[in-house]
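Just dropping this structure here.
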């Protein structure tokens, strides 16, 4: 019931002042309600609830996962280490685990492919960037976005990325994942006009600084309009693409 | 002339082998030509050429600006300090300077408003973030994007941003600019579903670390899918929005 | 016996010069005695002696704990890891261990609730901040202060903290615990007038910098008058509240 | 007018539904109004509005200051450099400038001394810490709190602080200001039971790291319950004391 | 006179024991003499003496320069700022100053071109790297090495460097100079087999970290065998090439 | 088949236009082919393919190694930890593992000693630098370069390095490996005229900063023309020498 | 008068209780008197009072200097910049200023040379370290210690320091001053048995890190028993030598 | 045989020129011989040879230790972890291990107490600093220096160190060991005139920065003339004292 309806009913003497005061006191949740409404819409669309596994015990993860399954929701667990995964997958039937991407999924309601959003290119500089790439790819897939993988195409063999020129220019967005000197997003950003989201990885040693050199290099990239997420945060890059894709889908709906 | 045409002419004996070899040798520029083709399209659309003023002498800036004006192009000069601006604006008639945003513009070919891209919200936490915000806003405007300013709505007076709830949710993208603790993007990212690009600023002192605290805070934000650009890089945030807006416009064209 | 009394007795020939010289030599301890007198008062009040467990062997901890128990004192052991706790709790009967807060307590003399100090709100941004929160909460409880827990109310879902508006404004003090971008203290500090003590936590990865991003963000907070303690230092925050509460109690006693 | 009053008038037919809807739409500001209500109360109490001078032009500062004077408010301008102060004090009659504390004040409504809060000790390690100390002291004075200065009593001549033993123990709170190795708060924190707020300063060179060594030393202090504010933030320390003092005053009022 | 000669003369009774003992005492300088002998050879070859201008007064620089001129040596002054250059060039006739490279030279004995060493490619990513490039180029030229400049060929327009493919592969060595993300050496290192020396520059802002991001990126480059010198150290890179070129020349002499 | 050949065949009607277009599309790899051609040449010369073991599973390493062996190539595996080495050496017959250098080699085609390149001196400051030195030495040996080891000759006993004066001056290049204060390259760089490549190591504790102090010391060395590679990167130093040696060999071939 | 004497007089009725209480209250100053007694002894010995000029106004410096002169004391002002020195030397007749060492002295009571302490060697790596060296040398001279300067003997020309072998071994202590890579103390520490105090300087650029690279290198030096003071702290090094020399002198007195 | 003797024999025809030339070539080792002569003297005096255990295998340590024992030397092994110690002590009979100080000793030739050097005070701030203190104390004892332990006297209970006033002033040198905020050396340095060597320790968490906060605090200490060694380097502090003590002993010998 909207505030206006309630006020009309107050005018009509159908409700008392106290009832309205109490209603208003709860306004931020009920009427503005930032999260609640969204959650329900997401549930309707089959988008999974996400459990961030890092720092949670297997028992805690199982508890949340089961509750989601019972509510008929899809489940996506990120940063799930191998040992914990063994416990969790046994306790939650139907959960599928990707060791490479440290991610587990259970799909109750299949998400239809969001073809209007275009293919999302996931590009890595080296093979050691694959865990982060797979975290991004699995998350994109769970969100219904179509993934196009281009792995191990770093700048030391520049022809490898040049060959993807046409493909990348037609992507719905490009996620570029690189560790060490983090140079690949500059090259890709100079090649394509679509949104480019750079993910630094913690691969490398010494002056790689656990990913900070790649992070800083990406932020100070000479290719304009490239944006960056946290080190190793494949999940965050996928969600950034999700924001862009949603906008585009709504745009198309609105323009219909 | 395309490569295929040339080869047909070789088959037909109209050109020699040497001519084709030389053509292929220049392929990366001519046919693949990453930058060249784009530049021409941009020029057609009235999108300005950008001159990065930092580290250039006024004389150098004037030289490039005049060349652009003669070529009938729009001009956008970023990071133009007040003293240099005095010299440049006198030497290049028609150039308009914004001291706040340290940016100068000259519009030969007006860019039609890109209404399909939605309004782009530019949000700042404090008043000291305005120079960066105006750099972003002027760049967006020069690119034909419609700007919606929301200044000084930081988290220490949380009601200020809550009041923008409905407006921000309908934006084509939100650029959130904050220094000091850089907390605003987390709140905005939790409020809206559209793309959020965070810009850390170098305001503050001591542990503000010249913008690095805000930068790191934004990258480790608990609101998923927020992406980040370099410290004080309002221009880069605007170009990231430009990438998203272009994608959306093309999507609409494609879906027509 | 005071110095003056002693000198009078010297004048009266009741004590010798040597005795007085020796007394004065021990003055900093005995009469000025920073720590000694306080300890005795604390013992009278049932406030526990604290053992900082980090870097001590179980055997060392057991030794100190037993000595305190024999002296009829309450015991509080902080930073006690699970393995060490198994040894210590077996060796010291009556010791109760909280694995979450890594803290163990034994109460010989119950501490009466210090109701005049108001309820102390312990607020966390996320669930991974709970170990630090429980360290603070258990310490407060051991000091007789009444704890009011508000967990997982971070800024990415801003309505969660807004709902605590009235409660937090009436608190005797608010301890705000947050990792990652550490934004919550700014919001709480802008909402309430009572003392706010911020505790950064080491949760998060990459640019979270093991708690330093949260620490720096809190120190450069745009909400004035918020003070900060070391990373993960829930114990220190509780003791800071203890200082404030004691002052308030003395004020009331004085004003009686 | 309160919400309840408005609703009663709606019930009575004195106002329309639209008027109430509009009222509620502005609620977070007006009724919940975190800042607004407080400001009014502060104005009533003679507490000044604060203008943070850093990064503002003299003209901007003059504008805000005049508006406050016209509204009958007290004015406090912090971080006001000497050159700007010359302009501002000429433009705003009655404004008094302290060059040492880089702070300017204009008192329209005198603030009665808050004697119940006790004397607030402001302690510095060296003479180069005086600018920060005076920023704290002037702010405290503007808030009606009674200041007790103890300057240049650093640990390299330990007897200097030992002599303040009795005085400091009776303070309403102690603000300890130190640069270089930042050792003084540890000593003071071990001497007194009242709240201790440490302020690192940027004095020193080389490994003083512009105040970060003092900051980190204070945060890792072996004296428990000491809290810390940003480097050179004398103003913030004063406001933290204001929060404590207000609590104490309300406690006394409540206990009356 | 060599040690052997001296000993023979001692055997022959022409010199005394004391004289030989004294000679041996001065051996490290005279006979082993690391620097002395080399300097003489350098002087013979026309290689200039180098004066590092940073931190020296114009008067000090003039003093050293004049002494060298009087000794018939070539002079090379690096890191000579514009103001100092005005003083120095006036005082030392014949000295030629390059403002861009902050370097001044005076050639008494022309150095013949060292053509056997091949052309030395000096490559920059952007136009703001030119001061460092010119410091390297002028030093190479002063050493008799033939310079081949390739400026503003950074990775955001990857075709620019691809076009230099053949030229760079034939170089005697490649000095790659880049600021910001420092990605160019990785691309060049992957393209050519000859020695690549990377020079990070302090251009850029924010996360460029005054050249440290480029430095770290170059050191952790995915292209093997690239070596690095200090930030902005064009002079050092030129001397590293000089070491390589000398080796090659000696090799050829030896193999003759 | 070369592009020219193909075009001649097109002219001759032996191939069709489509075939040539497809060929050109793959040009960067096939004809320009930065890496491909080199690999073949390297294979001919018996230079091994390198597998970077860090972050790869034993199974992955075995897979690549077997493929190389089947192709008749030499194998060099760097950063191979002891446990993984046990698995890999058992699975790949003929592989020889050096635990000290964490490196494994299998030589199918012996590489003839490259005597024209001179002896390559590998110098370490202490005994704890040996693992890095052996990584460099084994790589040099696998590349056919002749290694001359000088271990444990650090500057605290300066006579140890002074004794190598003549030997080092005649080397084809000097790799200087040092941790802690990293002073040795400055001394060696001042002693010899040949190329000096410095490798910082992560030995030491506290202010050794895991190798960064040595790295920074080497980069800011007062001996000109010394270049540096990443911390612990013995392999990279060897490849830098390989670049220099190849240049010299080609020079000699060219001058023949 | 000692405490014991006073108590005896109290016993004898010659003084009252109040007088003794007051005496004891001032004990830390008077009898234990850390600073006071020493100052008097220093004054007797002609050792100067030190004024640290950094951060003081010329007027403040003049005030303190005049007071010292009136008290018949020697004056030593460190970190006195050239502009301030002009004012101070004019206001304080007899003050002698060393621009190089940024130090000013006025000797009322000449300090006899402390020959028993041996010659104190002050050694620098380069010429840019001279300001720090002169600060040390002038301070040593003011303290009566005999200075032996060895400037510009850095490790890149190792024979320069080797020549000082005998001289340095006989020194009373060696102060080694170096910037950039800070290698010299390791070499000197390995050469001599006497106390070596290392002073890092802020000379150099880029990875010299304003002196931190030299500082860290010196602390992690492979030569045992070398101790270090703050960056550019020539004064501190001199005082450390003063502590050692005093000890030695007292030892000799005691052994007499 | 000395050089002079050899030359006399050359003069006498007893040796040839070649023999003398070869002798001189080995001079730096044999006659100047920085390390060699000292070692022999040390052996005579019973001072132990030191083995730095960190990074060495038990087998390597045993090898060196046995060689020393066979040569009749005393043995001192620092940084010897518990597991390695079990192996080493079993293999080297007579070796005594201190787990707390991670140090092992074997005394073949007892070192007579060096009483003239005075008692060396080893002072720690907390109990967690004991491993470093014992490393220093055991090393001092092995060197024949008399140790006076003062543990757990940190500044948070300032009376604890004040009580040591007289004792510390009479020490031959004071080693002050502290972690966390590292404040104790400032207090001690202000109390005593004798040499003070500060050792930062890696105790503490968060902003203790693994000992760097204590290190920087000690270097920027307001007590003049305090010198510092590397984090946790108790051994280095002991050797610095050894340098001072040797000087003093020689002074006394010289003055005899």
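As written, the chain order gives the labels A, B, C, D, E, F, G and H, with residue 1 at the start of each chain.
In the analysis below, contacts are C-beta pairs under 8 Å (C-beta built on N, C-alpha and C of every residue); 3 or more make two chains touch, one makes a residue touch a chain.
Being a predicted model, the structure only gives us computed values, none of them experimental.
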Shortest walk length in steps over touching chains, chain D through to chain H: 1
Given chain E and chain G, the chains that contact each of them: F, H
Numbering shared by both copies at the chain D-chain A contact, with half separating same from different: same
Of D-G and A-E, pair with higher C-beta contact tally: A-E
Longest centre-to-centre distance from chain E, chain (CA-based): C
Distance from chain H to chain A - Cα centre to Cα centre, in angstrom: 57
Rounded Å distance, chain A centre to chain F centre (Cα mean): 40
Centre-of-Cα separation between chain F and chain D, whole angstrom: 61
Between chain H and chain G, distance of the C-alpha-averaged centres to the nearest whole Å: 25
Where chain F touches two or more other chains, by residue: 32, 34-35, 157-158, 162, 190-191, 205-207, 215, 219-220, 230-231
Full enumeration of touching chain pairs: A-B, A-C, A-D, A-E, A-F, B-C, B-D, B-E, B-F, C-D, C-G, C-H, D-G, D-H, E-F, E-G, E-H, F-G, F-H, G-H
For the chain D and chain C complex, residues of the former touching the latter: 32, 34-35, 38, 50, 116, 118, 162, 165, 172-173, 190-191, 193-197, 215, 219-220, 224-231, 235-237, 239-240, 242-244, 246-248, 251-252, 255-256
Touching residues on chain H, where the partner in the complex is chain F: 26, 28-29, 32-35, 54-56, 202, 211, 215, 230-233
In the complex with chain B, residue positions of chain E that touch it: 127-128, 157-159, 162-163, 203, 205-207
In the complex with chain H, residue positions of chain E that touch it: 3-4, 7-8, 10-11, 13, 17, 20-21, 24, 27
Partner chain G, residues of chain F touching it in the complex: 125-126, 154-158, 162, 180-183, 186-187, 189-191, 204-209, 213-223
